[in-house]
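Lettered A, B, C and D in written order, each chain numbered from 1.
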Amino acid sequence: MRKTVRNLKVISNLRLNDNHHLIQLQSSEPLETIFPGQFANLLVENSAIVLLRRPFSIYSVDYKENTVSFFIKIIGEGTRVLANSPVGNFISTMFPLGNSFTIPNEREKILVVGGGSGVASLMILSQALCDNSNEVSILIGARSSTDIVSLDQFSRYGEVFTTTEDGSSGLKGYVTDHPLLGAQIGRFSRIYTCGPEPMMKAVAQRANLNSIVCEVSLENTMACGFGVCLCCITDTTQGHKCVCTDGPVFNINDLKWQI
Amino acid sequence: MRKTVRNLKVISNLRLNDNHHLIQLQSSEPLETIFPGQFANLLVENSAIVLLRRPFSIYSVDYKENTVSFFIKIIGEGTRVLANSPVGNFISTMFPLGNSFTIPNEREKILVVGGGSGVASLMILSQALCDNSNEVSILIGARSSTDIVSLDQFSRYGEVFTTTEDGSSGLKGYVTDHPLLGAQIGRFSRIYTCGPEPMMKAVAQRANLNSIVCEVSLENTMACGFGVCLCCITDTTQGHKCVCTDGPVFNINDLKWQI
Amino acid sequence: MADLSTTIHKLKLKNPVLTASGTFGYGVEFDDFLDVSMLGGIVVKGTTIHPRQGNQYPRMAETASGMLNSVGLQNKGAKYFASDIYPVLTKYNTNILVNVSGSTIEEYISCAEIINELDHISGIELNISCPNVKEGGMAFGTSCASIDAVVSAVRSVYNKTMIVKLSPNVTDIGELAKAAVSGGADGLSLINTLLGMAINAETRKPVLATVTGGLSGPAIKPVALRMVWEVAKAVNVPIIGIGGIMNATDAIEFFLAGASAIQVGTANYIDPLITLKIIDGIDSYLNRHNYSSISNIVGELQM
Amino acid sequence: MADLSTTIHKLKLKNPVLTASGTFGYGVEFDDFLDVSMLGGIVVKGTTIHPRQGNQYPRMAETASGMLNSVGLQNKGAKYFASDIYPVLTKYNTNILVNVSGSTIEEYISCAEIINELDHISGIELNISCPNVKEGGMAFGTSCASIDAVVSAVRSVYNKTMIVKLSPNVTDIGELAKAAVSGGADGLSLINTLLGMAINAETRKPVLATVTGGLSGPAIKPVALRMVWEVAKAVNVPIIGIGGIMNATDAIEFFLAGASAIQVGTANYIDPLITLKIIDGIDSYLNRHNYSSISNIVGELQM
């Protein structure tokens, strides 16, 4: 799992909706093994505003074609430039970074819960869980149906459920209103989640109440992404830990969340 | 001659040689009258390095099509980005700026001497002189023939002569080695020049020796281009003057050059 | 449309956007681009009692997100200003402030006395922070004793609003702010430029003829915001925030940090219409956040 | 190949490129990217006698051509460093300096005493300029008396090369440099970060949990160059230039201004291989200009 900085070539750029793009980058050399939950730090060139790299979860990997994909939600200048990278351009990519979700060896029932751009790390996770013959259920929450993308891909790895705040797709409400996190929660041995912090905290609370193993993938403001700047810390039971190296995936028991 | 800031559309971009481009910009509204020697201040977008606008002489104008052209020599980041502006892009352009060369009313014999990117302001000048039925001779100096571009256009307005340091085109040597600035200098009533400062100083010296009216177009580091920052001053007999508003064209008698 | 008006001592500003001295000439240079009367006010060029040629050139160097200048207070002197420039400025229906500088306390006083006679000048901004002149200038602005001396001296001859412009090249801006207020400042403006330097590695020479110069532009905004915030905690007079303001969001940040108004400097060079865009942007921000007036956000940083 | 070696007091550096404290971890974080032994030296993280958790988060804000940080010297303490980290560092064949900080003079002394015992540590860099801790840190670096006190106290217990790292948040860096030298500094490094602040206009909150933080990156290079130049005129010890160095040209500028070596900080985050590129670039520059050694350009600014 040696970290490298490489110039990867943009070989496709799929506009999923108004502010979500899926970009696929190709390496001229073989890729290191990438584990679910790991991320990359992408350089934004030709921007008057952006100095530091921007972190993105690895959405999918293809070791045959040496490609990695990123699911990018446009929120500021960095994501705007990267999401609009023309095919053929090169992007300086530092990866693989961070730790990963635990992939059980035995057949377990696992619930994967995502929201917003948090779904980005869940595709490769669901795939890995499925490949290791776990039984995966995937619950995606969004404001509206138009914010939910790439569902069909998820369905390759497990059953997919959705909630939307406006009821335009799946159950109306938040993910925590879904029976999977309510009456049916007992059937899962693990819950993995990535999304907005309030969502993850609500999920963590349910898991905690039901004594289900729960891993969450955190975000934080990062200057380096590989453990040197100490800017990305989070509070844990063992003191301040770096989200970029000790995380981004944490077991909720190690966090000091009020849940 | 009201100054404006407009977004002009790049309608053509001609690569003249390795480091010279001719870009043509179009305005959606009628252009103000532009006088020979005036310049524009172009904004460089999508650059991590460039903050301030970059000044360029107006190379040619077409009032029917509402276009202006710029002859750009790549020397740093700003010129690199601008010279590579894709057709269809918009460039924020502040113009027309600065004063202009004197265009005599009576039929005069005028020598126009250019070097480097200094030739940029001489095209529109030669045209104006010719249109006002002056007799124009154009002398272009360069390091090598490959550095001399757009000669054919100049020949519409007068006879064209060249010198190159390596002798690959015209006379071998500097412009000041040319008979036009030597034995034949007496036939001109005016000499106008734009180019590297050492060249302009050498030309000014010849003109001065022969009591020929001489106007030079200066460069300087500019922050604003319209007379507010006072960064672009040059020494004159009337004290510090701004190159961007009192110039860029100066009569050599007003400068404190040691000639 | 929110209420954008704001007050700096006796100055009533129709909106909180002024222009920074040395970056807006005398306003007239902008007549082609915009109606200067739409601004909250303009601060004209640094003015001294005697005419000054300023420094040699080159006077400018671009740096990362900033620029260095070493103009050195080039101006034709207070008398020329009063006789030849002032009459033209009376056409503007907005606050005009004169940025006053000097090499000695006497020069500050003489200059302020001349400006004091000009009805249409709403106030002065005392520049004790210019890094580009050998004597005086910044030297006055870096010790409490000298600040107090120059400010109180000018106070004794100047009757209208007197703003003191602080230098950021100091260890403790809060202490200096207090000295300016105790000397009689009606308000404070900050920051002037940070002292910097640029070198051309190829020629091995300094880029500026004066070697060092004043850094302005977006690069200095974090320092400016911090100093405005510190000064707002230290004193009780209105503050005008300056430093790297390029858009309405930047301006809002200064209001939140404690500024009652702001000045736009370097941005005027890049976009001469930027001040109007900033005024519009402030209005949109206030409306979007349901604030009825700019005073709702001044100093309202949520800690 | 020009001679890139340089000397800082007793330190022989194979090349003049070091890494700045807090931006290169303990070096080991870069093992994946480069051979750390190729560098002139590394300055490891700010180390204090007691373990420190550092400040709350968020600790970082990006600004125009720069970033603010408020890490606050998070580290496991000098004893842990000596027992657990130091043994790993001995694998590097280059100079390792420890950046030492404290809240009291006693803490500086105790920390330096522990480091003094470590054979493979070539020197210490005394951090009297950290803007991110409440007590001590920068407070020591802003008055001549306190600089002299802390520097001479550490000098009395530390035998190897002692560099003192200066704060830029001061009125007169030259005076403070003199105080550090008279206290016993063998060399000076500058600059540490400029104190700055960032505000989120939408949430109306400071971006950093600590409100203010230290500004680094290209934005501060003009200030850093100016200060190196001023300090080079004021004192006669070797200077290590720091601040916004992103490439070899930037490094050359610092040498011309008077630095005998440089440290690369923020740039390491963006390109972890940048130090090697800078070493190569310095070599090319010297060859292109026909200089046989780096000493040909140190302080050779043409005035």
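Observations, loosely collected:
We take it that a contact is a pair of C-beta atoms (placed from the backbone, for glycine too) under 8 Å apart; a residue touches a chain by one contact, two chains touch by 3 or more.
These numbers were taken from a predicted model, which means no experiment stands behind them.
Steps from chain A to chain C, minimised over paths through touching chains, total 2. Put simply, the C-alpha centre of chain A and that of chain D have 36 angstrom between them.
Centroid to centroid, with C-alpha atoms defining each point, chain B and chain D lie 47 Å apart. Separating the CA-averaged centres of chain C and chain D is a span of 34 Å. Residue numbers of chain D whose C-beta contacts span two or more other chains: 61, 64-66, 217-218. Multi-chain contact residues of chain B, defined as those touching 2 or more other chains: 48, 50-51.
Viewed as a contact network, the protein chains form a single closed ring in which every chain touches exactly two others. Pairs of chains meeting the touch criterion are A-B, A-D, B-C, C-D. Here chain A touches chain D in the complex through residues 2-5, 43, 49-53, 92, 94, 220-234, 239-240, going by the rule given at the top.
Those residues of chain C that touch chain D in the complex are listed here as 61, 63-66, 68, 142-143, 169-172, 194-199, 201, 203-206, 211-212, 215, 217-223, 225-226, 229, 244, 249, 252-253, 256-257, 285, 297, 300-303.
On the chain B side of its complex with chain A, the touching residues are 45-48, 50-51.
Of all the residues in chain C, the ones that touch chain B in their complex are 22-25, 29-30, 32-33, 45, 53-54, 57-62, 64-67, 69, 71, 74, 217-218, 266, 268-273.
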